[in-house]
Every structure is written in C-alpha cells, then in structure tokens.
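In what comes next, subunit A is part of two complexes: it sits with subunit B in the first one and with subunit C in the second one.
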Partner chain A sequence: MALKNLRIAAVATAALVALAGCSAGGSSDSSGSTASDCAASTGKVDLSFTTWVPGMDKVVDIWNKANPDIQVTVSTVPNGNSGTYQNFFTQLKAGNAPDLGQVEYDTLPAFRVQDGLANIASCDGVQAAKADFADGLWNQVTFGEDNSVYAIPQDSGPMALYYRKDLFEKNNIPIPTTWDEYAADAVKIKALGGQITNFPKGDVNWFAGLVSQAGGQWFDTSDGTWDVNLTSDVSTKVANYWQDLLDKQLVSTIPGFTDQWNNAYDTGADWTWVSAVWGANTISSGAPSTTGDWAVAPMPQWDAAAPTSGAWGGSSSVVFKGTKHPAEASKFLLWLNTSTEALTALNTEANLFPASSTGATLPALSEGVPFYGDQKIYELFSEQSKVVSPFTWGPTMTQTYSDVSDGFAAAIGGSGTLLDALKDGQTKTVAALQAQSIPVK
Partner chain B sequence: MSTSTLPAAAAAAGARPAKTPRPTRGKLRNKRAVAILILPFGLLFAAFYLFPVIYAVVESLQVIKREGTFGIPHLEFGGLTQYVLVFQNTEFWASIARVLAFGVVQVPIMLGLALLFALLLDSPLVKGKKFFRLAFFAPYAVPGVIAAIMWGYLYSPSLSPFQFVTSQVNLLDGGTVLWAVANVVTWVYVGYNMLIIYSALLAIPAELYEAARLDGASQMRIAWSIKIPLVMPAIVLTAVFSVIGTLQLITEPQVFKQFTSSITSTFTPNLLVYTTAAVPNLNLAAAFSVVLAIATFILSFAVLRLTQRRVAL
Partner chain C sequence: MTTSTPTLTKTPRPGRSGGAPRESRLSRSAAMVIMGAFTLYFLLPIWWLLVSSTKTLGNFNSTFSLWFIPTSLADAGDNIVKLFTYNEGVFPRWMLNSIVYATVAGGIGTILAAMCGYALSKYQFRGRELIFNTVLGGVLVPATALALPLFLIFSQMQLTNTFWAVFLPSLVSPFGVYLSRIYAASSVPDEIIEAARIDGSGEIRTFFTVAVRLMSPALVTIFLFQFVSIWNNFFLPLVMLRDQTLFPVTLGLYTWNSQVSQIPDIRTLVIVGALVSIVPLLVAFLSLQRFWRNGLGAGGLK
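Let's look at the complex of A and B:
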C-alpha cells in the first residue's frame, strides 16, 4: 500500500517536472530577429496597450471612435522601473504580454535581448516615419540596423537647468552657465542656508544623462560584442565633480520623487534641478507653493564654447513579440506618435513633449507656462533637444541601475565614492551580461 | 459526503462482494471521504506550493545561452552553475547575516513583549482586558505596507510630526535603519504573537491555579512556575514563525526605500531575489530562492529541536 502511494507520488512529481520543463523551455523556439512579414488581420481586432502615460485612455478614445475595427484597450500602470518592466518580462516569458506597451529608450536593448520586441520594419508606413524623428532618436529604436524598427518614439527627455529665479535674483547670484560656476554658486547658496540641488542615489539614469552631456558613453556595440565602460575619463570626471559637492555637503541626498523630496523644493531648501523636459510637471505638482518662482536655462556646460545637453527618460511605444496583429498595432502607434491629432491630445492630457517633428510645431509648445513666470520653456527644450549627445544603452540597465544606485547609497553614507560605485557597477554589469551569455569584451 | 459518491462506492463494493468483506467496506468508504475532503486542499497545495517549488528548482538548474549581440536567448541545462554563483555572491551572504543579526535582536524582544502582554491580560489584577486585547492586536490588522509607510513618515527627518527628534537623530541612517525596520516589525507582530500565547494561557485548567494558591504561591510565582512552562509550546511556535518571517523580510525595507538612501537593493535576501528577478535573471533568482528556502527550513528545524529539548527537560 505504502509502496503504491509512493509510486503515485513519483508519477505525479515526474509529471509536474515535465510540465515545468515544458513551460521553462517554451520561450526558446521563437523565430529569429529578422523583420517578420506584417500581414493585416481580417475582421475586428482588439489590442491591449499597457502604459503609464496619464490620460492615455482619453487619447485612445479618439482612436477607438474613428476606428471601429481596431479597438485599443488601455491599462494604466506604474512607471517602468517601478515594476512594470518586470511585469512585461514575466508576461513575455509566460506568453501573455499585451500587444502594445511603453518602454523607455534605456530599456529597449534589454527587451530586445530578451527577445520581447516585434520587428515592425516591414509594416506599412513604419520605415517612412523615420523622416519624422531626429536621427539620434530613430537610432535608439532601430539599434542602428537596417530593416529593423523595434519601437516608435513617443516623447523625448532633453535636459536643462530648472532654477529658483526669485532666490537667485534676490541674492545676486549669477545663473550658472558652466559646471564650475554651478559649484561656486553651490557654496554661496550653502552660506545662505540652502542647497543648490539634490543628489538622488536612485536616479542613475539621471546621472547617465549628465555623463552623456559631458560626451561620455557607457556601452558600445560597434564591433559586434558589448563593450562596457562605466569608468571612462568622462564618467570619472562627472563622478568626481559630484563627489566633491557631496564631500562639501553642498547638495542634499534625499531619494528622488518622494514626499520628502517634494518638500525640499516646496520649502525652498533646494534651489535647482538639472532635469528633463517632463520634470516641468514634477516640480509644478510637487512644489505648488513656488508657482511663478522658477525659470529654465540650458544645462551648465563643461565646455562653454561647445554647448551640449543630455537626455533623461523619454519613452517609445513597442509592439510585443507574440502579438497576432502587428499590422494593426503599428498603424495605431504611428497615429499615436506622429499624427497632430494624437500628439495634441497627448500634450493636453499628459503634457508630453513629443519626439516627432510634427509634434514640435504644436501651438501649445510655443506658449508661456505660468508656473515658470510665463517663460516659453518648451521652446528652450526644443533648442536643447538639438544638442543632446547620443548615448548607447546596455542590455541589462535595470541591473546596472540598481548596482550603481547601491554604490551611490554607500557613497552618500560615507563609505566609498561615486567613482567606486561606477567601478562596482562595471564589474557587476559585465558579470550580468556573462550570466545571460551576452558577448562582452 | 456528496450523495452521488456513496451509492457509487457501495456499487463498486457490491460488484466484488467476495474480495471486499463487510468490515473493510466502512474503511473504504472512509478512505474515499478522506480523499474527497483532502482534494481541495491537495489541489491548491499542489498548484500554489508544490508546483512553484518544483518549477523554481527546474529554473535554477538552467542557464541562458545565445549567439551574438542581440542573439535569441534559449535555456539549457546548466547543472549547478547558478548555485555556484549563489555561493560566490557576497551580497547574498551579507544580506543573510543582516537578517540574522536582525532576528537575534528583534525576535526575543518581540516574543518577550508578547509574553508579557499575554500574562498581563491573563492576570486577574488588570482591568479593561477587552480593550487592551484589541488595542495590542490592532496593529496586526494594519496591512504591512501601510504600517511601513506610516512609520516611514514618522521617522522621516523633514516630514515627521516628531521633527524635534528626527531632525537631530537620523533614524533612517545606514547604522540605524535596520533597527528602525525592527521596530516596525515588532509593532505589527507583538499583538499577533500575544494572541497565540494568550489563547494557550486560557487553555490552562483553573485547578492548577487553585492548587498553587492553596500552596501560597503569589501571582508572580504562578506566572513564572505554571503559566510560562505550560505555554512554552506556543512560544516555540511563535519563535519558529518569527524566524521564518525574519528571513523573508521584504515589505518594510522595500517601502523604506522611499524614505532613505540607506536601503540597498540587496538589503535582505528576498529583496535580492526580487532585484535579480527584475534584471531579468530568473534562473539565478530561482537558485537564490531555493537556497533561501533550504536555509529557512534548516533554521526553523534548529529552533524547534533546540527549544523542544529544553521543553522536554
């Protein structure tokens, strides 16, 4: 009797193992990375679209009314690095990813490496859309390859300097145009009891933006393998610059995008923020009592003679692998990200700064913004987006971010430096690539 | 049980009268009833416990292979490759050491308080028992995430209502944040553990107290010599739960990341698993989980063995 039970248990276990083996190996037999043929489906098509753009449902309503045969359902989720990317990866593995999703430029390589993106290059109108975007952005979604398009750019995140105009003027402090001036101002502001800015340990993508502005690169794939270099001379220069500000306690070290952080800006404890165009809303909603006190200037420069900017964030819209309707999905994405109708709605609903050149001419983008003393800030960001230095992202940015962030936290806590964090991030990123058997130099 | 099963059982038994004599028929019927009663549990247990465990083990034995910069990934059997990585990972062992230090300090404090409160509730000298029982238990009814957020605000240097303290001493500093987390966990779980011990106290027969009082024992003496030894099994149970809970710590540190820079993505073993799975490196994350599960298993058994020996004495 006992023996028989044991045998049943063994069979059951074997069945479970077999089942587990099946689902584990299920993702291995997907097709190659060549552009799949993009045949249109017949009949009514339902598409699911997962995004964290606020108000996207209202924009999609416009599409749904005009296109009864291609109905899009929106799910609004937390932003990518707050768990949505992890959900996407899990859904892809389980084979039930949505048809469409939002992915920031820095995470596109990770999704491609995990074989999560459909190549929509052969879909109608996709290749033609190239003309609508700056070369640098288009390069992010094609990985510089021919006959490859893995996403349609949605918005971009050129960076500039947000500063408390009223405080700078009242105290006769000049607006910094170089990083040297920025550090000098930091000392003056400290003497007045404030802090020039905040160094957020978690926003490693922000730090990458600073490195890219300085002309640095962290990744390179030009010779067929991944070359990881978080500690180049340029990265070292930027890390040492901020380490110096940290050592002199000239910057606060609050985790970004938290209530404490909002409070620091709302109460005037922090005076500036080097941030992307979408940060305009972050400040106005987080620091409402400073309405009218802010202004925007170009980023401080390393070389004033050759001004550059960096980019932070910015999203693309992707078609996930496994969708049955790539043609309809691409058609919707082209409408969403290149039509005046959709871009106007996105700008109204979510204050999105469009990536497409069609979007750059929206009337709303040439108006003064009351929170910034009626400054026409979007015109300034448009100018800045023309001097954004291109940057190549790695295939495991989630890991790179969290390892560098842990090192930044240690540096803030007084053990190690920001440069040590980059060195550690370098070692761990190489290890992470090897673990995924991604060829790395 | 269900009406359709009984006649079916009887019919099955009736078809082979020679082989199944009367006495065993009742036994057989019982067995079927047992099987039916166990089925819902068994299915859910298999689906949500057994299968995930086996799946994790299978995942942990695989490695990813690919060709070229953006090659398509595929899984291959990798033997113990992931486990080698686990044992080489210093952060993993640092996080285990961190939660062990946490457990060594926090679990005795929490269980000590739980026992104290249970004894007070059980003592005839205390008034307003119903109120206190509810008051002590209330924090457990607060969801863990909410409790962590609430305490996060209380600790916060710039937002706390107790800023006169928090602006002087940073409770969320690298050196103190572990104990700030310990305080939240204690706050949440004291009442829960108290209730387990308290219900064990209620089960002690009143004659024992009567006999002790006749012998001239004070309330202190009764608590020390009768109540505590008799509720020892309940205390052991809460200790095992607490040890498991300590190793699985994730909610509070994850929430506290919003309040402080001192909590890294590898602060506790479960956070490390979560971070690794997010890469996504599911195979290594699975190996971490399996090792963590085995460590939890060993530690719980060690606690049981150690304490049971003492109880037996």
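Let's look at the complex of A and C:
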C-alpha cells in the first residue's frame, strides 16, 4: 500500500544506481515485487550469505551439520556503511548478489526502493514469525505493505541510560527520569567538574533515536509519496534541547567511539551515555577501569506518564532479489533469527541482542553483568524494547546522515545550530530523492 | 616526489671539502629543524603503533600511549600469537595474499611497463605519440574510479570474488610506462642498440640482455611504486572480493576494525596486525632503497 507508487520509480532508479555510464546488460528485475511464489527447490541447495556479524560462520556450521540439503556459505565482510551496502547495490546491478545478506533497519528502505529485496511473505512460516517480534520492528521489515515481508529482524538496539552509579550516589544527585531532570543534573555535574554526557556529531542515527523516543518521525509514506520532515515540532524540540546543553557547555563534543571518547568515560569526565543495548560492551571495553561503577536505567522521558524508548542500530537478514531458492533461504533465516539454538550461538559469538521475543528468554540474557554491578541489564533492555517508538527510515539515509552530521559539526564549531543542521539536511534529502526520481512531497 | 628532494640534493657530499657552495649556519640549522619536525611528524604514529601493540586491551587506554609498560614484552608476544591464530589463522593467509598480489603482479607489471616504455622510446612508428598520450592520460584516472566498471566487466566473465579479480587489474601501471619511456630515452643510447643489432642480437634479446640492465634503476623504482600501490590498494579488493580467504591484509584489517564494536578484543588484533602489515613494505624499501635513489637521481639529471 504505502510504497505501491514507488515501484515505477524503483524500476526507473534501478537503471541509475550508483554506476553512471556502465551498462552491465540483462539484469532480470521484471515482475516488480508481487509476493513471488515460494516453491521449494529439489535436490541439494547451496546458499551464499554475506554478513559482518563476527563468528557467523560458527553459527552457520550448526545449521549446515543439521541440514545437509541446504548448505550455507558465509562471507564475512566489512560492515554495511563501510562499503558492503555499495557492494550489494553493485552486485544486484550486475546480477550476482548473494542469496542472503545483512541489512540494517535504516538502510532497508534504500534496498526496497531500488527493488533489491525478494518478497518472502508467501514462504513457509514467514508470516507466522510476526508473532515473534514487536510490532514496530515487524513494521520495519514489511514497510506496512500488505502481504509483504522483505527481511527477518536479527538484532535490535533498544536504548536506555548508562550512568556512573557511584558518582551519582556519592554526590547525592538523583538519577534523572525526565529530560528536564537530566538538564538540571547536567548543571550540578558541571559544577563538580564533570560533564553529564557527550554529544557525538557523527552519530546522526543516535540523534534519530532520540527524536523517535520523543514521538517524532523524519519520513512518512502513508499517502504513497515520501514526506520528508526533519524539522517537525518534535525534532525541533529535541534539537533545541541539545543545543541548549551545548551552548551552556554542559556536554562534551568528542567524536563518538574514538580513543579520546573512551578515555572520557574511563577517567570519569563523562558521567552518562544514552545508548543502545550493544553499547554495554562498548563501555566495558572502552572504560575498563570503571568496572562495577556503572548501572543502566530507562531513558529520561519527555512525558513521565507515558514512558517510551528509542532504538539505535540493529540489523535484519534479507533475501536478495534474483535468488533461485527463496524457500530454502527463508527457512534458514527463520532458524537463524527465531530459534533458541541460533540466537544463543549469536549471543555467545557476537554479543547480539536478539530481536525475537524467543531471544529474551535466553539464560545468558537473564544473568547479572559484573561491569554493571551485577545488574541484570538485559532484562531492562528487554522491557525497554517493548516501548520503542516506531520510526520510518528514508531511502537515502547515508546521504541524510552525512549532511546532518556536517551541520552538527558546524554547530559544535559555533556556526549555526543543530536545528539549522536539520533544516539543511531536510533540503538536501528532498533534493537527493528528487535526483533519484523517487516521488517526494 | 617533491617532498623527497631535500635528501636527493644532499648527495654531493664528497664535494664539500672542495669548494662547493657552503650554506650559512642559520639556513642549515633551520633546515635541520624543519626536517626534524617532519621526521617526528611521520614517525610518531608508527611509534604509537609500536607501543600500542605491546599492550593488552585493558592497559591500552589506561596507560600512557607513547611509552612501554613493564608487561610490554610478554603482552606483545601474546598479542602476536593471538593475531596469527585468531579465526583459524586467517591473518597469515591475508599477509600471504598481499605478498603474492604485490610481488607477482608488481613484478609482471614492471616487465610489461618496461617493455612498453622501451618500445615507445626506441621504435618509430605511426601513432606512437597517440598511444603514449593515451597511456599518460591513464595516470590521471584514479584507480578508485575504475573499480566499479571493472567489477561489472569481471561480473560478465564470472571472475568476481576470485584471485584474478584483484591480480589482473594490478598488472598495469601507466605511470610505469611513462617512467620507462623517459628513462629508456636517457639511459639506453641508440648506438648500443645498433651495435647489438649488428652483432646479430634479436630485438627481444637486446631488450632483456642490454636495455633491462641499463634501465634497472628505473625498473626498481617502478617495481617499488607498483608494490606499494598494490599493497595499499584497498578499494578494488573491497569491491571485488567477499571470500575472506582471498582478502589482502588491508581489507582484512578493515573488516576486523568494523567489528570492534561487537567484539572489543579485536581492537588489539587490529593494532598489532597494522604493525605487522607494514613489515614487508619496510623490507622492500630498505633492501631496494639504494637502487631507487639512484634511479630517481639519474632520471632527474637530464
């Protein structure tokens, strides 16, 4: 329903993808995207699976031993935005994409618009898997279209507040439950010589998570065209909130995930981090000398009466268009992303936080984590994942991220504001959609 | 190349005692200070790399990053063992791949460039300048821009994700052709070729027995350039390959680095791996450096 009009655009844009001036000839994307009949193949089937989850080969070994007729070969490559998405697009164009791949939620629409994903809705068990996932998550892989499923969610990134429990207690500062309290605490922490958190100019998807928690949307496709709105009231509110903290120098502005950034947490210069579940390992490895001092609480709220959370990151597994074995591919993906056996292995090998509700019951996820003073943080994240506000991603997120991030960097450097960055991102995103002949309002 | 000229112009050292122009003390020390600063600037990251690779992940952030700690020696050993055994020893495999891509393709590429440059310099034929200018135009096209078209061509031939996908494009070097032509023109006298012909040597034999020897400093230079550019070529393998066992070391380390957020322990391996991966480059440079300097100097004295 939502993207029906886009199919025309998809065929048109497929020709424009990435590679001006190179005709690779005869790719086979004729039938648009009606739920293809999902007939099983006969005989032994070999599937190729490209992913950047470390240790995936070991997880797939379990499957290969139990399923001699469906053998999966894993290729471990750099993560999506480090080149693999571009490779997927090129391979789709050249007609030699792998059967299966990994795509993060924020990039699924880009592949959908370029008509790169097989609709596996009619494959055995796929529709039934809906019950395994939160509605918001399932919506990410169906785009709200009827009778369509384009991916199976793998891991998710519900957000919460990581904070230095010891410092908060020692200085008698209350744990913030609302954003107002958070800003008030920031002033107190500043007075003590610390900073409440860091504003990472490069992590625009983090900022999108904050906007989504506040109930905002950047994209809307409900009337069949893309409505881009990076500067809605909610977005503006969130941007102004952080701008205020920046203006008062209450937050640091270190680029995220750098050594300097690790050091800020390791030395106690920064006290909290609003982040996703996978951030648990980022802190424990980046700030090893603070073991036992951290704890996790729900995100600060805009409306304490109706608590919500946002999401940052997370991947789904897709079946690429052009595969000859959609039935076997879907069967494998359902095992990979909903069976206790596979989810346990994924959690052990790669610390993945499963998207499936089956995963929430894994024993490893109900244990206390020593780095967080033996708090059962994954139970908290499971709770939070139930209140994650749904969010629609645009079809050119790489471009949007890069433009907004440029603006954020400028705002931190003192020219313009975060809101200006969003306004600029808005203009450039609309232009990018038009340049790809994607219908935009 | 311009940045390396100071070391080159320093060569007339023997002449100093015999009345060569003497720089003032001030300009000498200014030059030394500037060179010292640049040396520090270039060596500091490598020093950091060396020191960091002797630390465990825990000590990596918490200790001073430009000096060793008491456990450095033991940790360095552990790190290297871990690097070479992690994931069924995929790292040595990557090193081997890089060495094969860089030496074999670099070697063949050097011979091809030398033959082409020699022919363009020594034979008169129709369209010679056209060919030369076309090749020269190739110097201006960055290899990165060619990776995607190459991928589509290799797709047609079902050669993507194979050894050949990285090997074949590494064979050509327009810059090598250019350098060979210039060098052949200046260092292989026509008279010698004439003499060889009169003595009954065929053209190919003349090339390999006479010209190659005269051109050898240039060939070493071309080989080093090729070696380094293949070793550092990252984008082509990124586009072409998805089978880890074919990766060169640059792409392999990049892949690991992109997994750091999920497996923090890999960070140490990336650092140690980066250090180990520059060793073959150092070896190539130190062992061939003498020839290289000769080559550049001689080419410049036309």
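Here, the second predicted complex is superposed on the first by the 412 of 441 C-alpha atoms of A that agree within 3 Å, B and C clash if a C-alpha of one lies under 4 Å from a C-alpha of the other, contacts with A are read in each partner's own complex, and residues count from 1 in each chain.
Following the convention adopted for this analysis, a residue touches a chain if its C-beta (ideal position, glycine included) is under 8 Å from a C-beta of that chain, and two chains touch if they have at least 3 such contacts.
These numbers were taken from a predicted model, which means no experiment stands behind them.
When the two structures are aligned on the shared chain, A:D259 is found in touch with subunit B and with subunit C. After overlaying the two complexes on the shared chain, residue contacts for A:V77 are found with subunit C alone; subunit B is out of touch.
Legend: residue contacts after superposition of the two complexes on their common chain; A:E379 is shown touching neither subunit B nor subunit C.
In the superposition on chain A, contact of A:D227 is made with neither subunit B nor subunit C. Once the two complexes are laid over each other on the shared chain, residue contacts for A:S405 go to subunit B alone; subunit C is not touched. Once the two complexes are laid over each other on the shared chain, residue contacts for A:D420 go to neither subunit B nor subunit C.
When the two structures are aligned on the shared chain, A:G95 is found in touch with subunit C, with no touch to subunit B. Subunit A has more of its residues touched by B than by the other of subunit B and subunit C. Once chain A of one complex is fitted onto chain A of the other, the partner contacts of A:D180 are absent, as it touches neither subunit B nor subunit C.
When the two structures are aligned on the shared chain, A:P439 is found in touch with subunit B, with no touch to subunit C. Annotation: subunit A residues 19, 21, 24-25, 86, 90, 93, 259, 263 touch subunit B in one complex and subunit C in the other. If you check the complex, the residues on subunit A that touch subunit B are 12-13, 16-17, 19-21, 23-25, 27-28, 30, 32-33, 85-86, 89-90, 93, 109, 112-115, 143, 201-202, 221, 224-226, 253-255, 258-260, 263-264, 395-396, 398-399, 402-403, 405-406, 408-410, 412-415, 432, 435-439.
The touching residues of subunit C, counted against subunit A in their complex, run 57-58, 61-62, 65, 148-149, 151-152, 155-156, 160, 238-239, 242-244, 251, 254-255, 258-259, 261-267. The part of subunit A that touches subunit C in the complex is made up of residues 18-19, 21-22, 24-25, 50, 52-55, 75-79, 82-83, 86-87, 90-91, 93-96, 98, 257, 259, 262-263, 266, 278, 281-282, 284-289, 350-352. The touching residues of subunit B, counted against subunit A in their complex, run 46, 50-51, 54-55, 58-59, 62-66, 68-75, 85, 153, 156-159, 173-174, 257-266, 275, 277-282, 284.
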